[in-house]
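Once you've had a glance at the structure underneath, I'll fire off some questions.
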Amino acid sequence: MGNVDLSSILTLSLFAAALRMATPIIFATMGGIFSSHTGIFNVALEGFMLIGSFFAVLGSVRTGSPYGGLLYAVIACLVAALVFAILHLELKANPIIVGLAMNIVAIGLTNYLLTATFNVWGVYKTDLIIGFQEVQIPLIHQIPIIGELLSGHFPLVYFSFVSVYIVYLVLYKTPFGFHLRSVGENIDAAESIGVNTKRMKYYGLLVSGLLCAFGGTFLSLSYLTMFSEDMTAGRGWLAMAAINFGRMRPVPSMIAGLIFGFADALAVRLQQFGLPSQIVVMLPYLMTVIVLFISAVVAERRKKSLVAKQNKIDIATPLQP
Amino acid sequence: MKKVRFLVLGLLIVVLALSACTPQAAEEPVVEEPAVEEPVVEEPVVEEPEVEEVEEPVVEETEEEVVAEPPKIALVPAGRVGKEGYMFLAGQGYKMAAADFGFEERILESEVAEEWERNVRTAAQDGYEFIIGVGSTMADGIVNVSQEFPDAKFALVDANPGGDNVMGLIALEHEGSFLAGALAAMMTTETSLEGINEEKIIGFVGGMEVPSVVRWFSGFEQGAKYIDPDVEVKISYVGSFNDPAKSKELALAMFNEQGVDILMSVAGGPGDAGVFEAVEETGLYGIGADISWDDAVPGHVLTSVLKKTDVMIYETIASYIAGEFQPGEALFGVASGAMDLTDMSAMGDAIPQEVKDKIDEIKAMITSGEIVVERPQ
Amino acid sequence: MIKNFFDKAKNSHTWKENLVNLTTQLLNYLIILIIALFIGAVVMFLSGKDPIAAYAALWQGAFGNGYRFADTLDRSVIMILAGIAGSIAFRTNITNLGLEGQLYIGAFAAAWAGFTFTNLPAIVHIPLCMIAGIIGGALWTLPVLYLKMRWKIPELVPTLMLNYIAIRLTDYLIAFPFRDPAAPMAGSPLIAASAKLPKLIKGSTINIGFIIAIVLIFVTYWFLFKTKIGYELRMVGLNQDFAAAAGLPVKRSIFLAMTLSGGVIGLGGALMIQGFFGRFLGGFSSGYGWDGFMIAIIAQNHPFAVFPTALFYGALANGALTMQSVTGVPQAVVAMVKGTLVLFVTVKVFVENIRKGLRKWAM
Amino acid sequence: MTEALSVKNITKAFPGVLANDNISLSVEKGTIRAIVGENGAGKTTLMNVIYGLYQPDSGQIFINGEEVTFSSPRDAIAQGIGMVHQHFKLVPSYTLAQNIALGVEPRKGIFIDEPALNKSVKAIADKYGFQINEREVTVDVSVGEQQRAEILKALYRGVEILVLDEPTAVLTDIETKELFVMLRNLVEQGITILFISHKLREVLEISDDISVMRAGKLVGTVKCEETDECQLAEMMVGRETIGGRMRETKQKGELIMEIEGLSVLDNRDLTAVKDASLNLYSGEIVGGAGVDGNGQEEFVEALLGLRPLTSGKIRIDGKEIQELSTREIREAGVAYIPSDRYRSGVAVEGTIWENMVPGEYYVKPYSNGLALAMPEIMMMSGTLIQKFNVATPGLDAKTGNLSGGNIQRVIAARELGLEKAKVVIASQPTRGIDIAGTEAIRQMLIDYANRGAAVFVISADLDEILSLSDRVVVFYEGNVLDAGYYDETIRQRISWLMTSGKDYCVD
């Protein structure tokens, strides 16, 4: 160890790894954004993803195809999201508490089912699980650096970025997204123009379940081809931090997700410097807090300068219009 | 109003009682006969072929004195007797002993740290006379309980907690991983094997920096240096025994960026699974630990260092039943056959015969004491 | 005249109304509990296990004999402290999801005081470790408080992240600066015998920590409902704008509630180390902070209700061991039951319908 | 003329209240119909029935002579009914055009056609002579413009019957005048307007017919030109006392509170109060008039220490208090009745006694050291609750279960009951309270001033100001302007100040 310099860490494979590690976070982030825009802060992202991971493996084993796994995961997550929605929207339960409880149920349920269906504890890995294969993008993968960076990823990695664009289009460019966002911003306005706000909240939660299913599937059928208990390991919480940072806007939130993925990938490599592993693995979490802190500082700065400008105009102009 | 809530929740407990108590359970006499809890033995059914490497434990000659009453012996693993890992082997050894010596099985598995001591205690409270813990993390629990229950006997796989009624069953992991290190050092220059580079760099992924993992690593490094002092051994810790994603990422980083071509994994069951995924993806080579990982990625796992806890436990039970309980440390190393490599058959002809011969030679030297593998503190 | 007023006030809440309220609450919890147990049973049944046998074993494991009962009480100690820690924060409307991290830091601080000082008499050493635990837990809330009070960052995400950081940090501390070379596991050195809590029953783990927990329940009740500061915390929790306009010390209350919450769970960590583990173990907590969060919610943040809830949780945890070892039903089912309980606990329709029904019946 | 809308025998009951009792009325096409009544008379319920938000228990609705039933506003919109609520239903981050077209956006494929949207909004605005910047983001435009957007939102959907709920409550006089011009424009284009208000002068100015409601019943409908304020007031209240002056003007006493050069920022850090000065004297009631949102809230919060000052000094009895905490300011003798009693007046989830003692719980005899002295607290709260006639089942009852008027009495009892305060700051003290409660609260303030305290009443209700004040100041765009002492011409001075910031006529 020891004589490793920084340039040996900042390699293409680091950025490729960052993309991989960011993918589940980005999926969960986009899902969370969808429900946040209907006014429900979904704290069950972690649990949804975990359920998705498990059922993806189950589906892959049962159907012998990763797409079958994806289908199982989607169905399971939609059911979980539906349970959340019914508890909150029909039975009027507190969404934060339901979300946190969902996470706990998800851990219990997946652990139990893991043992009950596959008769194993903790981790399930066999050749029966068929994962996704990396795809080489024709032409691009022949370009030297860019090819290595952009090509050769799992389909879901590409799809996570596509999903950001889709989420952006749906939320900001379609009437549906338009109505959906109005529910979160001013529910009275939405109601007054005849938007079925409850249905929109259902959509919000179901879409967040759907996208978490993709995130979970990525973890258990692409990133790895196995299921192990609690394998989401806090990525859902990181997604919440990303949403918080990006103020529910898809692209800035995605960037936050990439930052967290990068921190994760970097942490793995920093050990070569002889840094204690325990300290290094803190990095993504520490980064989250720091990112929140910096964004708060920046926001205040920007507001102050804006206000100074406005107040200057205010004072300069006569009192009466 | 405040009292109301209090009452309500008090009732909650009663309700649980009502719903949990079947008539039989309620009528069951509880304290006088602690053994009445018939263990409905429905342990996870295990596919035997999975563990074909487990050699039949050598049953020591036991005196044929048949004890009138079957002994009460419990197994308390610091984890689960699940499908993989040395806990599983421990469970196999225990079950075999139960079948051979005719006592009832009682395995108390745990999931979290708090349950280690609690399970030992539960066994002691229930009147078990010989309680076998598995996993060094149980040490404190064994110490605490053995002092409070001086009549019971205790044994612990992986550590010697000390005490008049306690024995420590120590597997010399470093001896086993010494063999693996030697093998890796020889193979890292074997460029005829696809993917092996010329650089003398091998790697080791550990779950967490805890004494047992450090022991594994130390032996591995010593073995490698014994073959060739120039071999560089890279090491990384995942920070967890059950984060396969991170294990895989670490392994990939070592393979792709640090010139490692052979990687030994001691990252816990889930963690190991992640590492071997990296092996599969890169087409390079891995070495497993505890149990056989040879079939995880056919043709890419050079060998696995077996820690035959089944042998250790079976022999310990046998000697206990023979009345030969000896407090203190009992060592199980290469010499006793408890630490060993797999036969490398999964690699086919990829490993040259002279390498295999060299390994056998080292094994013999360790057995005879010619090579002393240092045990890190 | 004043007396008349009070009499009138008392009488207007008739006994019937009280009965309706009490029965409503009772039935509500009963329904939720049945749903949770039923869902657990269905899952067990579908996977081919016998739910009745499993629950029977669970009961046996929790209360089957004197030892079991004592151990269950001991297990509930940390749950009580975690529940109280959660209650104090939630009463002040602070979403302290960082109980887990505060527990780690508190436990480590207590262990540090336990193994660093070796020549103290028990009467000094025991409280010293507890105080160290309290301070440790409280200190770990300070970064969150800074972010919340100075930069208006909601505490939700920072408290969560500090959990992970605390777990890693303590892992680091026991791996390097405070490593015990003799320890057979990832842990700190053993704490001095003078720091260990005296046991109440030989053979069981129950110790004076249980008495401390019980006392703490009453102290917390008194503190929250009978003292000036408790009044301030509750008013800030009920309506912060009102509290500010009325001149209550809002910032101080938030600060106090958060640090107290961290301090109590830190004390919980100290009790675990001093009463049970005897040293700091890396990753020793299996989500006690989360249990505390859920217990506080189920108990509606009332200290008296925390006790039975924590006992229930302790019984589930303890009984699950026996359930698993006797019937082979994985413990995970218990986590599901616990989670499901919380899923339904804020559901309002049961309460409303029960109350409506009872009213009709009572009239 | 044809009948645009009529309702027959509409009855709608809520638990404990008969909100609409057998109401029948009909409105002719192309007219403005005002519906007046006190708060709680049932106007808004009736409008919500017409708009489909509520379903009536019985009765019929006819549009252009045909019977219709509405299960949601969607049905009402389809029948050409549009409603502009008192609280605007606009999405803050959307542009005005987006808000106007929300729900009926022009589409291109599956996407919204933004250019077409902007163009169509512009077209409809031009057609009815509305001036708006349709591409501005809603939060950035004035209240008047937001209201125009609200009305356009209805017109965009092709409504023929427009319901306006208290449209002038948030407008300045000038904006109100502009609104009235626009409404006349609409009527000329054949739109029928229902106009809910309790401001009689405005109603007389704009409407063709006036229906008066009282306690859920329709009292009667009169032609605008055949009636006057007095008659309407009588119909509304059932007696003629409304709006009467409750106070004899008193001589001012000594100076108690001095506010000098106060400047404060609002929540968005923009200047809300500029260099404001005001003196409060013992025994005097000062009224603070002004349209909501001209800095009143920020001014009061600054006085209470709830909001930092950017400059200025506040003195009580000559002692500077601007650096003190809220508690210290209150201890110096300031009582405070906040404008939004649910937001900052009480903790609705708390018990009555908990809401009674936030000013006293920490001093003897209500606390002994650390603990609360419950008997004393209960005795004190009980006495005051009784003295201020709060109707409550007991001191342990949940405050949120009380009616608005009773909650306001709880606050008054807390703030005024112990008679410690030298200065009373009451912000919107009677907003949303029934008549009996209103009079009681006003009387409490007068009594308190008569005992020698300085009372400062801020209200958007000019009648309240006029009925109580010895002296009036007007909040206008963050300035506190002096309207002088009460006399016959003060109403005019106030309204000029409120609308233009000058105490003479703009013309």
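For clarity, chains are labelled A, B, C and D in written order, and residue numbers in each chain start from 1.
The rule is simple: a residue touches a chain if its C-beta (ideal position, glycine included) is under 8 Å from a C-beta of that chain, and two chains touch if they have at least 3 such contacts.
Computed from a prediction, not measured in an experiment: that's the story for all the values here.
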Co-neighbours of subunit B and subunit A - touch as defined: C
Greatest separation from subunit D - chain, by CA centre: B
Most extensive contact between chains (C-beta pair count): B-C
Inter-centroid spacing, subunit C versus subunit A (mean Cα positions, whole Å): 30
CA centroid of subunit A to CA centroid of subunit D, Å: 44
Chain centre separation (subunit B, subunit D; CA means) in Å: 74
Sites on subunit A at which at least two other chains make contact: 115, 121, 278, 281
Subunit C: positions in contact with at least two other chains: 168, 171, 175
For subunit B, residues contacting two or more additional chains: 1, 44, 208-209, 239
Full enumeration of touching chain pairs: A-B, A-C, A-D, B-C, C-D
Parts of subunit C lying in touch with subunit A, wherever the complex brings them together: 43, 47-49, 95, 97, 143, 147, 151-154, 156-158, 160-162, 164-165, 168-169, 171-172, 175-176, 290, 293-294, 297, 330, 332-349
Contacting residues of subunit D [partner subunit C, same complex]: 304, 306, 325-331, 336, 338, 343-350, 354-355, 357-359, 361-362, 367, 370-372, 374, 378-379, 382-383, 385-386, 392-396
Touching residues on subunit A, where the partner in the complex is subunit B: 1, 8-9, 11, 13, 17, 20-21, 115, 119-123, 125, 219, 223-226, 228-231, 233, 264-265, 268-269, 271-272, 277-278, 280-281
Complex contact set, residues of subunit B against subunit A: 44-45, 80, 82-84, 208-209, 234-240, 242-246, 248-250, 252-253, 256-258, 269-270, 273-274, 277, 296
Contacting residues of subunit A [partner subunit C, same complex]: 83, 87, 90-94, 96-98, 100-109, 111-113, 115-117, 121, 234, 237, 240-241, 244, 276, 278-279, 281-282, 285-286, 288-289, 292-293, 296-297, 300
